[in-house]
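Starting off with a structure, shown below.
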């Protein structure tokens, strides 16, 4: 046996789990592995339809600017260039991907009309017989920019008088049902601070992170005999992409077909719908197959990253380690367009104040627009950076109180039946047990009282600090 | 767009082609990334792969390395064993199977560690061009660059005396990383006292640079912690670091003395 | 200058095709010969997904102008299995759960083939260095390292003391340290 | 100089499913005439192994060998709707839909078997090797291949099933944040051991220990793949990664894998992991989604280990050598 299958410790939750399954819980080989090791797995770019056109994007070289005098003449004269698409060619040029679940407003042009809001904002799309010709033509496009003031810091963006990044929102934040941020209000944190033995406040900051899949985002669109378009895509969400694309194309949904499902790494980056719409327009207007695949540069700098976040956490803590109040101000740097960030910010608010039962919680989670590459979904977004902040905070509190960091967590760990800050009753919790297990794995000794703790009940002594 | 790919079968043919313009290409690791992103105009590529520029020839106290010799070949050559660690620190084996000694002279910083080694070794570069062949010290090539139509045909490396070669590269990961600071040095000692030092630094300036101030500081002193620390401070005058994706100029300047010491003195970290 | 006719011996078979100036070995394998196992991950030589063996040595095929390797021998993942039978590296990758998305797999396996052709008994450090130019974003590398070491064991077990059997079309060095 | 060693802890939870629900996935399943069951989906396998684990769920529910299941997915003409692969929802949502479809197909399968064997369907069971048998009898049994042939050619029945999983969409009370965001929560605790070079600020992660509560590890080797790959990504996020190294300044953004720094195979720590299972009532055989969370706990665990090692508190990601060294310099005071 040469694979890793980490052991399952069945002594935990033994009354709730069973061993009566035949296939589930066993190790079977991956059904896709044979194709991978023989090279027979077909990724979207392994399709090679005849008469394929290559699409390369001319992108903004400015952070925030109006532009005029888009000059395509030299590019169109480049041998092999077939057509150049501009905003006027896109039936519904303005969109936002989450409109499918009722999130608005539309705030992002497929191709820029007269304004660019980040370095790399797409302006026009060159279609050519070869990739080299498309690149060459892109290099020959010129445009006159009139720079607009740009803002890059989330708190500066929210300050009075900051330049407006995205006029479709009118302000530099996403508005949640009339509120300037996603809020959680539970108990009374100010009273908790007033009554606390200790108050700790610290700040945390991350920077944008790229999904960096080895396969870049892309698609190949092939016109079909029945007049429909078949879209070979590495999307993470076939129908989500199909539905968004149909809306942008202003075409019946059944005119499109997505074929995908084999993806060279996603990590959330391939949930944005950024290649299929313009490739479909290109295919419809030329009646030829079209490939639009991001270069590695585009994947690194133009595709949406995990948002940078800034998080302030202020905690009310008793001398025994009980956290009685937690006030969190979160700024999610959405970049120039909303994409999935309004969702991720709400997901962050739902996650706070972390896996701990704290009776007084106050959260303001801001989704902020700045003149940078729009951020979007990435593996755990809303939670990953919050966990960095929350668990750093826990460590600092433990050190400030000279407490064992695991005991501090166990004292505050949420249990079945606890009311979370968002007012859902906790069930199926297991934070206590994973801490106990990890402690055992590294030989971190816990006193008997802590080893006896359970997620299914709260021991009477915990309020007194065990 | 690439208009032609020439693969001349001799240096003379390569020189003739180069005289008409075009980009000289060794292994392709510098040129082809630009070709693949369309970042080139209408140019010809002139590959040196078949121009007879391979081969490693020991000649008494020096070794002549053909410009088209790959870094992998250098890393495996017995006479050049002292350079194996430096070669090993460059990129990855698959890149070293392509990248050439000649090409590395033109690798933009913070790449080009082998060029830093050549600078420390006071290597001589063989150049062919319209005006015929010539030899030039590697530091002169860095200062002036080749003339139009010239191409590098070889480097000749004087072999350092036993125990006089030092190399250390600070990286962002253990393998396959550009240089934060690369230190290559030939330091001669007599009775523990430095009689001559030739130190080259990579990653800390637009080109590999000689650490003249550090060399002066070190010469005449015992090769010990105090002298090397002084040289590390002196070296601040020798560098012109920049911010990039790997590290800031501040960081490079801050850790230069540490890495100069780690290059010259073997004091393993205390656990 | 017009396109050139280029000849390669690919997986033991002579192939000729027309190459446009600027074509890479990767582009030619995929577009002219229909061999799709090698992937375009970055076109910069920095990811390793396009790695193939050129005269037995692993190289990023995206950095090779194809006219410059006219007449040489190339081995790709399509040429690794023999008569439909997986070789030791392929089977060890399956058994060791060394794949997730699969996009890096072709490059990883070709690097491993070259390593095991040269060295029947590589150390862990040898394996780590061999794959240090190949990016995997899914696995954390350890299962790949383990699978390559397992493949070396299987190959030694199959042919103890013998010269490497899988050199195939690649005229790899027959010597070994084992 | 010194190499300073430290240990740090982090414990986290993670929600399964799209925030606030409203993210359905469907599955259709049917038997071919020879008893292979084809699951039709439009779900995407990113490499996490969805197609393998849902086939395991189907085999378990049908009571048939894993080899009898095929998955046909990610074609919007042939597969029913799936919201997509994100939010740690694939295994949970699609697994549930597949189980529901397989239950329906199993009912038909047993009904037809009852007709063939002339017994009551309630008295039949599957033996896991391909036979449907009368409880307590060695004689009364039929193989799925024969049964599927009979269903089609003799009884005119389709052995098929439909499945869907939907957590109904819900909203947020904007004033208070009251909401129902998740289907269940998975849990993890990570312990990191690091070494800090006090002259350069370089951090090496030596060990990562992980305890994961996953509801049910449907395929323990593939669950381990998620933990292992995620631990690497978390370490990578912690120490290396960003598209904007001088954030919020936009300069010097990496453009390829040379500049975009991630740990390579020489930089990986020793990894020790274990699973706990507290099955989720709404999960497929109790499984919770762990695809995303595995990168999370290593980040603060490493931050806390760095503090333990050298007293530097990292408030900014990534924890570059420069940030660690600036912290060390601040602690040491002016030279």
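The letters A, B, C and D name the chains in turn, as written, and every chain counts its residues from 1.
FYI, a residue touches a chain if its C-beta (ideal position, glycine included) is under 8 Å from a C-beta of that chain, and two chains touch if they have at least 3 such contacts.
These numbers come from a predicted model, not from an experiment.
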Interface with most residue-pair contacts lies between A-D
In terms of mean CA position, the chain most removed from chain A is B
Distance between the CA centroids of chain A and chain B (whole Å) is 42
Cα centre of chain A to Cα centre of chain C, whole Å, reads 34
Averaging C-alpha coordinates per chain, one finds the centres of chain C and chain D separated by a number of Å equal to 31
Between the Cα centroids of chain A and chain D the separation in whole angstrom comes to 17
Touching two or more other chains in chain C are residues 22, 41-44, 46-47, 97, 99-103, 128-129, 132, 135, 137-138, 142-143
Two or more other chains are touched by the chain A residues 3-4, 29-30, 32, 132, 212, 262-267, 295-297
Going by residue number, chain B touches two or more other chains at 1-2, 33, 37, 175-176
Among line, ring, star, complete and other, the chain contact graph is complete
Seen from chain C, its contact residues with chain D in the complex are 41-42, 44, 46-47, 97, 99-103, 127-129, 131-132, 135, 137-145
Interface with chain C, chain A side, in the complex: residues 2-4, 29-30, 32-43, 45-46, 48, 130, 132, 211-216, 262-267, 295-296
Touching chain A in the complex, chain D uses residues 7-15, 19-20, 22, 42-47, 49, 51-52, 55-57, 59-60, 63, 65-66, 71, 73-77, 79, 81-86, 128, 169, 172, 174-182, 184-185, 187-191, 209-213, 215-225, 227-228, 233, 237, 241-245, 247-250, 253-257, 260, 262, 272-281, 285-286, 291-293, 295-297, 299-301, 303-304, 307, 313-318
Given the complex, residues on chain C that touch chain A span 20, 22, 30-31, 34-44, 46-47, 49, 76-78, 80-81, 86, 89-97, 99-106, 109, 135-138, 142-143, 146-147, 150
So, in the complex, the side of chain D touching chain C is made of residues 46-49, 221-222, 224-225, 228-233, 256-258, 262, 264-266, 268, 271
